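Two complexes follow with chain A in common, the first pairing it with chain B and the second with chain C.
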Partner chain A sequence: MINIELLVIGGGPAGLSAGIAAGKCGVKTIVVDENPLPGGQLFKQIHKFFGSKEHKAGTRGYKIGEQLLNEVDQDGVEVYLNTRVWGIFDNNIVGILKDGKTQKVKAQKIILATGASENAIAFKGSTLPGIMTAGAAQTFINVHRVLPGKKILMIGTGNVGLITSYQLMQAGAEVVGVVEASQNVGGYDVHANKLRRAGIPIYLGHTVIEAKGDIEVDGAIIAPVDEKFKVDKSKSFLIDCDTICFAVGLTPRIELAQMVNAPIIYMSTLGGYLPIHDNRLKITEDIFIAGDISGVEEASTAMEEGSLAGVAVAMELGKLDKNKGVKEIEEIYKRLAKLRSGQFGSKRASAKEEIIKKQMEMKGGFK
Partner chain B sequence: MRIKHHPILGEITEKKIVVIYVDGKKIEAIEGEPIAAALLAAGIRIFRKTIKTAEPRGLYCGIGQCNDCIMEVNGVSNVRTCVTLVEDGMVVKTQVGKGKGGDLDDKY
Partner chain C sequence: MIRSNYLARINCFQPIPCNPCETSCPFGAILIGEDITNIPVLDITKCRGCGICVAACPGIAITMAMVTGGDKDYVAIPYEYYPLPEIGDEVTVVDANGNELGHGIVEKLKKPNKNDPTTLVFVIVDSSITKSVVGIKKYIVKDDPIICRCEEIFESEIINAIKKGDRTVDAIKRRTRSGMGMCQGKTCNRLIANIIVRELGISLSEQLPSSKRPPVGVISIKELSQEKS
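Up next is the complex of A and B:
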């Protein structure tokens, strides 16, 4: 059995930032990730990030991943790759699968930074080969450098759908259209305008009702939907394509939190069911969360939350002076407030406040 | 299709080319890439047939979460081809249902 002070599960922006923050304070930390490459979703992001300098704006996603990795290394944090956590048991015993073997890790504190998984929608033919998540397409073009198809139809105009469409074009695919059930584009206008300038049609108020093809996709039937999402099949038409991508939202990966019986809450603005946490991202006596698992946001917020959880753990383990820690957390909250402002951000800010309020109302504190 | 030139990522760098056998057919692959990448590059998108209705399935999530891309690899069933890396001479087969190779559990 491996004994460690802090085990961080997930090596995306949240997990790596948590490792860095805790490692800096001298907390003996291991970060595990099931992938051969750390960085979580960052490794497929080849575009420059928005926001402010302190959140690495202007830097391409995968470069941010590399920077975080370097820092983790310098802080003496161990990173186990190809290592999947399959369970958390009593007394903070964690089951990991590494090199094909199961091992036990006993950790004084645990941070769950497992991210989110991509949503799907169902229609006739929606399981045909050639239909995949936008993230799959993005991973294969940007990391493995293989096109998933030649003529691509994207479903969803959130930032993931818009950015992935543009990147598919950059990679040499033809994007035949982007379909969006709502009457408005979900993501930032800058991203949508890039597609519009390239002449890619964005079908607002439409959805895919059927994928054509016997053994692989060779077309999609789309139809208009009204404000109440009622489909008008009489106005449906066929779009020629060999690939359909889903960019229809993310759901927090909360299985491990459920395994430790953390109370769960439903928050639609944050992606669905997620563990209730306090203002230090704590969900049980020894377990913390950070990043998309605590509500789907962005890489910048995931990094801040990771730092917050790392600092909170260092304080609890007595590796960081209480006053200093409290100050650092205040600073992190100031930066988070900036990130959680504006049209989309303010909704996330109030959802986050609601969760913390719920936690304070819970009787008996942490288990 | 491989993306040889890319406006941001640049040219594809020199990689070691190996061969793998897919349902008996020899295809070129790059050592260390996921099996699924080699298959897509060769234009193969049907990876398995489902257990009850033999419906075709292929790459879906691309990061090892969903298990839709599983195939028989070197005689082992249920191998996630999106996260299992190519080695020279690998034998890959379309998986039908649970496959014939037994599970990973039998091996370890």
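Up next is the complex of A and C:
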């Protein structure tokens, strides 16, 4: 059995930031990640990030990933790659699978930074080869440098759908259109306008009702939907394409939080079911969360939350002076508030407040 | 022994080398003989309508019919696709060449051999077409998308589970196995929750997420058994 002060589960932006924040205070930390490379989705992000300088804005995602890896190294945080967590048990014992063998890790504190997974939709033919999530297409082009197809139809106009469409074009594919069921583009206009300038049609108020093809996708039938998402099949038409990508939202990966019996709440603005946490991202006596598991946002917010959880753990373990820690957390909240403002962020800010309020109302505090 | 009114009907008219119908019949009611390319002949005085030959025929070329003398007759049809139709479902019945004859209602399902997945679908049909019915049209058309990819559970199966009274993702999981495969529901849980919203109007915030237990991801028994000390 491995004994450690802090175990961080997930080595994406949140998990690495948590490891860095705790490691800086001298907390003995292990970060585990099931992938062969750490960084989560950062290494697929070839675009420059938004935010301000303190959020590493203007830097391309994969560069941020490299920076985080350097810092992790400097702070003496151990990173276990190709390591899967398969369960959490009583007394903070975590089952990991490493080098083909299971091992127990007993941690004084645990931070869950498991992220989110991409949603799917189902329609006639939706399991044909050639249909994948936007994230999968990003892995194809930005990690493996292979085009998933030549003529791509994107479903969803959130930032993921818009950015991935742009990157697919940069990689040499033709994006034949972007389909959006609602009447408005979901993501930032600056991203949508990049597509508009390239002449990509954005089909607002439409949905894909069928993928054509016998052994793989060779077309998509799309039809208009009204405000209540009722499909008008009489006005359907065919779009020639060989790949269909889903960019229809993300779901927080809360399984491990469920296993420790953390109370769960549904928050549509934040992607679905979430563990209820307090203002230091704590969900049970010794377990914290950070990043998309606490509500789907962006890598920049995930990094701040990771730092927050790392600082909170360091304080609880007595490795960081309380006053200093409280001050740091205040600073982090200030930076988070900037990211959670405006038309796009304020809804997330109030949802987050609601969760913290729920936690305070809970009787008996943490188990 | 109660004698069933079902009688086998053999739709096999080419001299192909095959005789499981003869060897499977416990009553010796089907005769082919030494030369296995002979066309099978049914002795209706010996046939008990047990259905064993129906499931045994590799050519899916035997049905059974019970002629009532009234408006409706009963036909038992071998069926080898999933998902199976459900009792009460309307199915399209076809002749030997696949020409549509009309509709029938599924009365019951039966597996004559529990170790063999071939299922007999008993269908109530108009007596005017009983003679020609040889099959039912493949029940699931392509319109029915797969919701749980790991366990290959179709949308219609999810809807049927809801019709039978399931109200939660977990209840549907227990009935259909949806979410019990490799990915442990990562893709289908949300799709199923949305089908519950659509079919029953129970919003996502009123639903509970499906329960999760270790192992949370794929792990082999071998790996589990080899704990590093």
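We adopt the following convention: the second predicted complex is superposed on the first by the 367 of 367 C-alpha atoms of A that agree within 3 Å, B and C clash if a C-alpha of one lies under 4 Å from a C-alpha of the other, contacts with A are read in each partner's own complex, and residues count from 1 in each chain.
Everything that follows uses one rule, which is that a contact is a pair of C-beta atoms (placed from the backbone, for glycine too) under 8 Å apart; a residue touches a chain by one contact, two chains touch by 3 or more.
Everything numeric in this text was worked out from a predicted model, so none of it was measured.
*Asks:* When the two structures are overlaid on chain A, which partner does A:Gly345 contact: first (chain B), second (chain C), both, or neither?
*Replies:* So A:Gly345 meets neither chain B nor chain C here.
*Asks:* Using the touch definition from the top, say if A:Gly130 reaches chain B (first), chain C (second), both or neither.
*Replies:* In the superposition, A:Gly130 touches chain B alone.
*Asks:* Applying the document's definition of touch, where does A:Gly26 land relative to chain B and chain C: first, second, both, or neither?
*Replies:* The answer is neither, since A:Gly26 touches no partner chain.
*Asks:* Pick one for A:Leu256: touches chain B only (first), chain C only (second), both, or neither.
*Replies:* The second partner, chain C, only.
*Asks:* What is the contact status of A:Asn119 with respect to chain B (first) and chain C (second): first, second, both, or neither?
*Replies:* A:Asn119 sits against chain C, while chain B stays out of touch.
*Asks:* Between chain B (first) and chain C (second), which, if any, makes contact with A:Tyr273: first, second, both or neither?
*Replies:* A:Tyr273 sits against chain C, while chain B stays out of touch.
*Asks:* After the superposition on A, what does A:Pro201 contact: first (chain B), second (chain C), both or neither?
*Replies:* In the superposed model, A:Pro201 contacts neither chain B nor chain C.
*Asks:* Go through the superposed model and pick first if A:Gly95 touches only chain B, second if only chain C, both, or neither.
*Replies:* Touch status of A:Gly95: second partner only.
*Asks:* Which holds for A:Pro148: it touches chain B only (first), chain C only (second), both, or neither?
*Replies:* In the superposed model, A:Pro148 contacts chain B only, not chain C.
*Asks:* Which residues would you name on chain A as touching chain B in one complex and chain C in the other?
*Replies:* Residues 34, 100-101, 117, 127, which sit in both footprints.
*Asks:* Which of the residues in chain B end up touching chain A in this complex?
*Replies:* Residues in contact with chain A: 1-3, 5-9, 12, 33-34, 36-37, 40-41, 45-47, 55-65, 82-83, 85, 104, 107-108.
*Asks:* Within the complex, which stretch of chain C touches chain A?
*Replies:* Contacts found on chain C: 142-147, 149, 155, 184, 186-187, 190-191, 204-205, 207-209, 211-217, 219, 223-224, 226-229.
*Asks:* Can you list the chain A residues touching chain C in their complex?
*Replies:* 1, 34, 84-89, 95, 97-98, 100-104, 117, 119-127, 251, 253-256, 258-259, 264, 266, 268, 272-273
*Asks:* In their complex, what parts of chain A are in touch with chain B?
*Replies:* Result: residues 34-36, 46, 60, 100-101, 117-118, 127-133, 135-137, 139-142, 144-150, 170-172, 215-216 of chain A touch chain B.
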